[in-house]
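In the two assemblies presented below, chain A is common to both, partnered first by chain B and then by chain C.
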Partner chain A sequence: MTKRLAVASTALVLLVPLAACGADPGPAADPAAEEEPGYLAVADTSLEGTGTLRVHLDYDTAEAAGLDPRSADVARSWSLMGLSYDTLVEVGPDFEFLPSLAESWRTPDPTTYVFTLRDDAVFSNGRPMTARDVRRSLEHLLESESTWAAQLGPVESVEETGEHEVTVRLEHPHTAFLGALANTPAGILPMEEVDGGSVDLTAEMVGTGPYVATEHIQDESWTFEVNEHYWGEPPAVERLEISIVADEFNRAAALRDGSADFAYFNNIDTLDQLEAEPAARVVFQENTDFYYLILNSANPGSPLADDRVRFAVNAAVDRNQLSELALGGHARPTGVAPATLPDACPAGELPSALLDDDEIAEILEEAGVTEVELSLVTFNSETAPGQIAQVVQQQLAGHGLSVDIDIVDDASFGAALYSGSTATDDMGVSWYAGYGDASMVSRWWNTDTAAFTADFMVGDPAVNDLVVQAGRTPRGPEREAVIADLCAAVDERSEVVPLVTRPSVIGYRTDAVSPTLHSVEGYGDILRNITDFRLVSS
Partner chain B sequence: MRILTWLPGRLLGAAVVLVGASALIFAAVRFLPGDYAQIVLGPLASAQEREALRTEFGFDRTVGEQYLLWLGQAVTGNFGHSLASGQPVAGELAARLPVTALLTAMAVVWTVVIGVPLGILAGTRTGTTRSTAAGRLVSSLGVSVPDYVLAAVVVFALSSLPLGPSVGAVGAPAQDLGGTLLALLPPSLVLAVFTIAATARATRDAVLNVLVEPHVSAAVARGETRLFIITHHVLRNAAVPVLTLTGTITAMLLGGAVIVESVFDVSGLGSYLVQGLGRRDYPVIQTCVLLATTVFVLMSLIVDVVTGLLDPRVAVSGRSR
Partner chain C sequence: MKDTATESTTRPRNPVRGALASFDALTLTCAGVLALLTLAAVAGPLAGVGGDPTAIVGPRLAPPSAEYPLGTDSLGRSLLPRVIEGVGTTLVVSAVAVLCTAVISTAGGIVAGYHGGAVNGVVMRIGDVLYAFPAIILAILVASVVGPGRTAALVSIVLVTVPLMTRMVGAAARLVCVRDYVTAARISGVSAPRIMVRHVLTNVSGTVAVQTTYALSVAILVEGGLSFLGYGVQLPASSLGLLIQEGTVYMVKAPWALLAPSVILVLAIVAINVIGDSLRDRFEPRKARSL
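Up next, the complex of A and B:
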């Protein structure tokens, strides 16, 4: 992070005069303004251009199981694999669920989902999709015991109940079921070929989606061409040339000089760097992802093993100030239910938010904690975690707590906090994907099922029970109450403290493309509406 | 042919250095915190899943066993498979090496073509206060400005001007040599700034040292022209230290390429190494670093040979050691 910050800041400082010599672009448009409710941008359907879209992404998919979507764990894998694989349902701009390969569905009771399948979906190898493919795809996912199989929930059975109908029965209600079905790991696979051994899911992608991957150079590039068998309207973007450009500064340069048409950024400062570019529009997209602060309760030698100290530290963190100083005011304070999802709990009403400085001081004094030095570790592949760590450091300094920050690479960060043995660092800053339902991310606070948290969380049976309840209670007032209780319980435990949402920036050249973009994204899939994109010219 | 008497010893020494370096590299990589399983499986994976992946890649064996296995394969040209892509490292390296070789070669050309004449100019015009000050300022800046800062400034400037792609436009040299050379022009110049400045300084100092030698004074007394003195007396004698430095910094350019390739988004050896390091892709890291070490050792050897040819006293000295 330090190097990239140095690179960007030095370049900016040295080249301010150069930038100032450019044409005045006039007042910048609000990057968070919606063109339509729920949409940052809506493709201009009057544009008739077709051809190639050049996209720059920050990292490539590199999963242990190659291109097999079932175990895909990161957002870029979901985006890239999602170009070839369709899911039964997809998520809309307000986190409602929309038809995809399932043209409709009904829930005769809270544990039964009956999906009516499209009869015109065809895999890219030319074979029509069948109910068997759908049944076996879901079974195949469940057999994988992957993270996403767990998100799919307590599936009791999957049956073919008609030529174009599949019925899924659950052991008990699972509110996030459709949310789990809507993401790429639940993509529908050509199971006849997979079971027959003629398709190796780890090496190739044969789906019903709009594109077929024709070339992939690891960590360098992808080329996707239109799937001639695609069941939807033929996309205007006939060819996608995706470059993997790790450096944020480089992606901004490519957008500026026109060698990229569309690019993703996770540094909020890119908004400022690119707003002077007349041919580029930069928009700020909210996510359900959020940053969290680990307060290690599992290490008996740490002052944070004391529940009172953790709660005081949590209360000493001002989330609004954190958003202002570290993320340009573009992040929302959040509890364990992401602030950008429908069932969010107001962060300002959490127990820790109600404490004033005197009360925090009293708790620390009562716990005998004065002049304590705490260690905090975070990672450098993004700029925000280091910035958040520094703001937390300053905020805790105001309460007599000294924080020593260690910013390391991803592998070292993993070794520090997720090695399988008790973490020795007192604190850590990272982020969780928020997905499409409030109960999905809250699973990571259930120490009965989220084994990976054992390195830094002792856990609490009451919290675990509330996580289970949040997952089983149907959407409505009752669930809102459960989630409010869960948010409060997680906040009081203060083992992993939700901080603020994790915004991102999308830039595109208005002389090349007119995209459709949701205002809030749940699965980090910036290419979600690629079939709606329009190109300015051929 | 006195060179033949000491060359075998040097070659043997180089081989010993390479084997020792390979062991050090292998061990150092294993001491890095975190591993591939940590990165690729992410934080949500269980300890059992990580362990299974480690076993799949043979990381459950002792480091000694892993090293001997890797070394045994490496001497046959098999450097293993990239953990991330599953492709042979040798193949991925072969695809990226031409770009880095071209980038480095261009930087060497700029170093020699610009650095040496600048040094001679500075060394033979010491009387002019203004030129001396300017020369020192330029060389100091060249040596002290980090290449990642300069590279970022150049990328920003080029991307702000309508000159075409500023980053990521470097293709395969075999397919479009002209286009590749053009695209590599900015990164190679950035890469060469340090070496130009260092070479100019070394050349200047070497020229100044030779200029006060009695045989140069004698040449002046004989009325030989300035150009003749520089080309026939100064350059040959100043060449040895300049050559030594140029050889060393040429090998160092590979290190600089790691940064410059990353900033200019050049798909070469340097960016391959950075990606490998980030993922703890051990075969990739080991092979890249070993290759860089080999280049360094070979350059030192070549410099020794050429120096011996230019100045037989060095060869004698080398033999006597």
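Up next, the complex of A and C:
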């Protein structure tokens, strides 16, 4: 390098960021504001464009699980498979249940659900859906023993009780039953063909939904075309070109330069990158998903094996500050019933939230823990868990607790906390999907059924009982009381501590698409209302 | 009037001043910049400049002010101590790696140059294989094997910088080994290790010094690149590459988060390269002569 070149390049590098300082992105609309109650965005029905929507997502369906919706256990699988598979019911903006393939249903008693099916639903292969398809689909899901089969609850029998009627009987009341039916793993399958062997569910998707997948390159792209047999109104989006783009910056760049019309982001600060692009709109969608802090009670050598220490650590965590710093103020402090669900228990009223600093110090002193070093592990495939870990580190430092953070890749994180043997790390940060009913996520606090938590959680029979009660008690004041007790019990045990909700960022180009988006999403399905989307031009 | 010319020839000369005077102003400025960065990295944390780099002290993404001279980051931490820590991490990782490179390359180059033939062929072909990989690809490969972190950065820097330095030292050693005094030493029965240390090493030290400075600038770049991509230094620690990566997210809203680590990275690399150029002018004047 010549010295002149050195001087010139230094000057250039000094000038470029200064130029960025001068950029004025101008005022931005409130990205969390609702256009209508329950909706972040409502499609402009005056737009008459039809054609292609280009969507960029962060990850694909899990390759190992194939395309069988029963074993779909991640949000993108639910979104993508949900384009082809319909469910009996669907979730509305306020988590009320709406008709889908079941045009109505009744519950003559708390353990019986009678579904009246649409008579015009047709699979993408042209065969009309029958009551047998519905019965066998539910049986097929229950036989799979997948995670979602457990969410469906204690199904005793599924019967065809009419040409277009199916009756499901439960062993005991299961309040989350409709919530479980509303997600893609409970999608209605072409069981005549599946049972006959002409359709392989792991390799193709033949559903009654609005789209048919015409091309899929694993971890790269999907192409969906409209299902010509779809029973609903023909969607304005006739073709969906979905690109799997792992890097957040690349998705933002695609939205900026117009090569993507609609994209999903994990990082809450993505808004800042798109502020200067007038055609881009970014909205924050709340989720029922929430971040949690594992306080390892299963390792007898850890200071956190002591109930008092765990409770003090829990009390030392300031959830409001976590939301403000790690998630830009767009997350809500939560208990075990997600703060964004109707049955939520206010985080500010949890037992740990009522302790002041002196009381926390007293508990730690009583437990003989004044200065201790704790290890915390989390993963780096998203920004927020690492940010949360660092804020927790600082909050605990204020109480004399030193935290050594290890931010690792997903595989190492899984090995640290879910290997099948007692975890040695004292703490961990991760998140749970919140689904559509408070009793669905709270199942993971029942150590009788959630075996995967055994590496870091001893459990408590009283908490397990409350989880079971919350699952069986019908919605209403009695259930609210049970959930409040459950929230308090989980908080006092402090084995897995719910922290704050996990917001999503959705970006779209207003010169290409006018979407309909719920303000709160329970199943991470950002394409939930795709049939309502409108395109600006053909 | 005093005869200053006479006086300067008669007064005992300060060797440090003399050495400094032989460098041009740009080189001295760059040396000053490098010294300043090193001083900040070493003394800053000891003196508590800017406070605790991990402490949350203010609002997120606050602009530079008297309270936060470089602003705050996305978690409300003052950027000044984080940048100082980042400079230290980057310089330490790079310096340790380059030290390893210097030892390996000097030993390998001298052995290859002294023995020549098959030994030279083997050493140079190993270097060629490593040299065939683009630096950042090699670094990512290493990180995926040993896992992201400082060790990955260190090993990557060594693997990236060893081939070129070994080749340059080997070439210099071959020139020295055909000199009469080396031949004379061989004929006199002096052992090979003694010849390599006593005669060859001392005569290739200039090349080693020049190449070490270039390797240091490459090392800082590789460390920065790896940390930027998430394979190098991991949070909550900080390095210049990691701070730049964090800063890019807030480039529009909080450009100061990107500005300070970027400028320091560029300054460090330019300073080291200018110093390297000057050392080359000093030790290998014929190569540096311009027309």
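The criterion applied here is as follows: the second predicted complex is superposed on the first by the 510 of 538 C-alpha atoms of A that agree within 3 Å, B and C clash if a C-alpha of one lies under 4 Å from a C-alpha of the other, contacts with A are read in each partner's own complex, and residues count from 1 in each chain.
In the analysis below, contacts are C-beta pairs under 8 Å (C-beta built on N, C-alpha and C of every residue); 3 or more make two chains touch, one makes a residue touch a chain.
Since the structure is predicted, the reported quantities are computational estimates derived from the model, not experimental observations.
**Q** Pick one for A:Ala62: touches chain B only (first), chain C only (second), both, or neither.
**A** first
**Q** State whether A:Ser519 touches chain B only (first), chain C only (second), both chains, or neither.
**A** After superposing on A, A:Ser519 lies clear of both chain B and chain C.
**Q** Give one of first, second, both or neither to describe whether A:Asn227 is in contact with chain B, with chain C, with both, or with none.
**A** In the superposition, A:Asn227 touches no partner, neither chain B nor chain C.
**Q** Per the contact definition in the header, classify A:Ser124: touching chain B only (first), chain C only (second), both, or neither.
**A** Neither chain B nor chain C is touched by A:Ser124.
**Q** Name the contact category of A:Ser137: first (chain B only), second (chain C only), both, or neither.
**A** Neither partner.
**Q** For A:Ala326, decide between first (touching chain B), second (touching chain C), both and neither.
**A** Once the two structures are laid over each other on A, A:Ala326 reaches chain C alone.
**Q** In the superposed arrangement, which partner chain does A:Ser430 touch: chain B (first), chain C (second), both, or neither?
**A** Only chain B; A:Ser430 stays clear of chain C.
**Q** With both structures fitted on chain A, tell me whether chain B or chain C touches more of chain A's residues.
**A** Counting contacted residues of chain A, the larger count belongs to B.
**Q** According to the stated criteria, A:Ala415 is in contact with first (chain B), second (chain C), both, or neither; which is it?
**A** In the superposition, A:Ala415 contacts chain B only.
**Q** Looking at A:Thr87, would you say it contacts chain B, chain C, both, or neither? Reply first, second, both or neither.
**A** neither
**Q** Which positions of chain A sit in both the chain B and the chain C interface?
**A** 3, 6-7, 10, 14, 18, 249, 408-409, 412
**Q** Mind pulling up the chain C residues that touch chain A in the complex?
**A** For this pair, the touching residues of chain C are 26, 54-56, 60, 74-76, 147-148, 230, 234-236, 248-256, 258-259, 262-263, 266-267, 270, 273-274, 277.
**Q** In the complex of these two chains, what residues of chain B are touching chain A?
**A** So the residues of chain B touching chain A come out as 32-35, 37-47, 50, 53, 82, 84-87, 92, 148-149, 151-153, 155-160, 162-169, 262-265, 267, 274-275, 277-280.
**Q** Applying the document's contact rule, which stretches of chain A touch chain C when the two form their complex?
**A** 1-3, 6-7, 9-10, 13-14, 17-18, 20-21, 23, 25, 249, 267, 269-270, 272-273, 275-276, 321, 324-326, 328, 380, 383, 386-387, 389-391, 393-394, 397, 405-409, 412
**Q** Which residues of chain A touch chain B in their complex?
**A** Chain A reaches chain B through residues 3, 6-8, 10-12, 14-15, 18-19, 22, 62-64, 66, 73-74, 147, 217-220, 243, 245-247, 249-250, 252-254, 256-259, 381, 408-420, 430, 444, 450-452.
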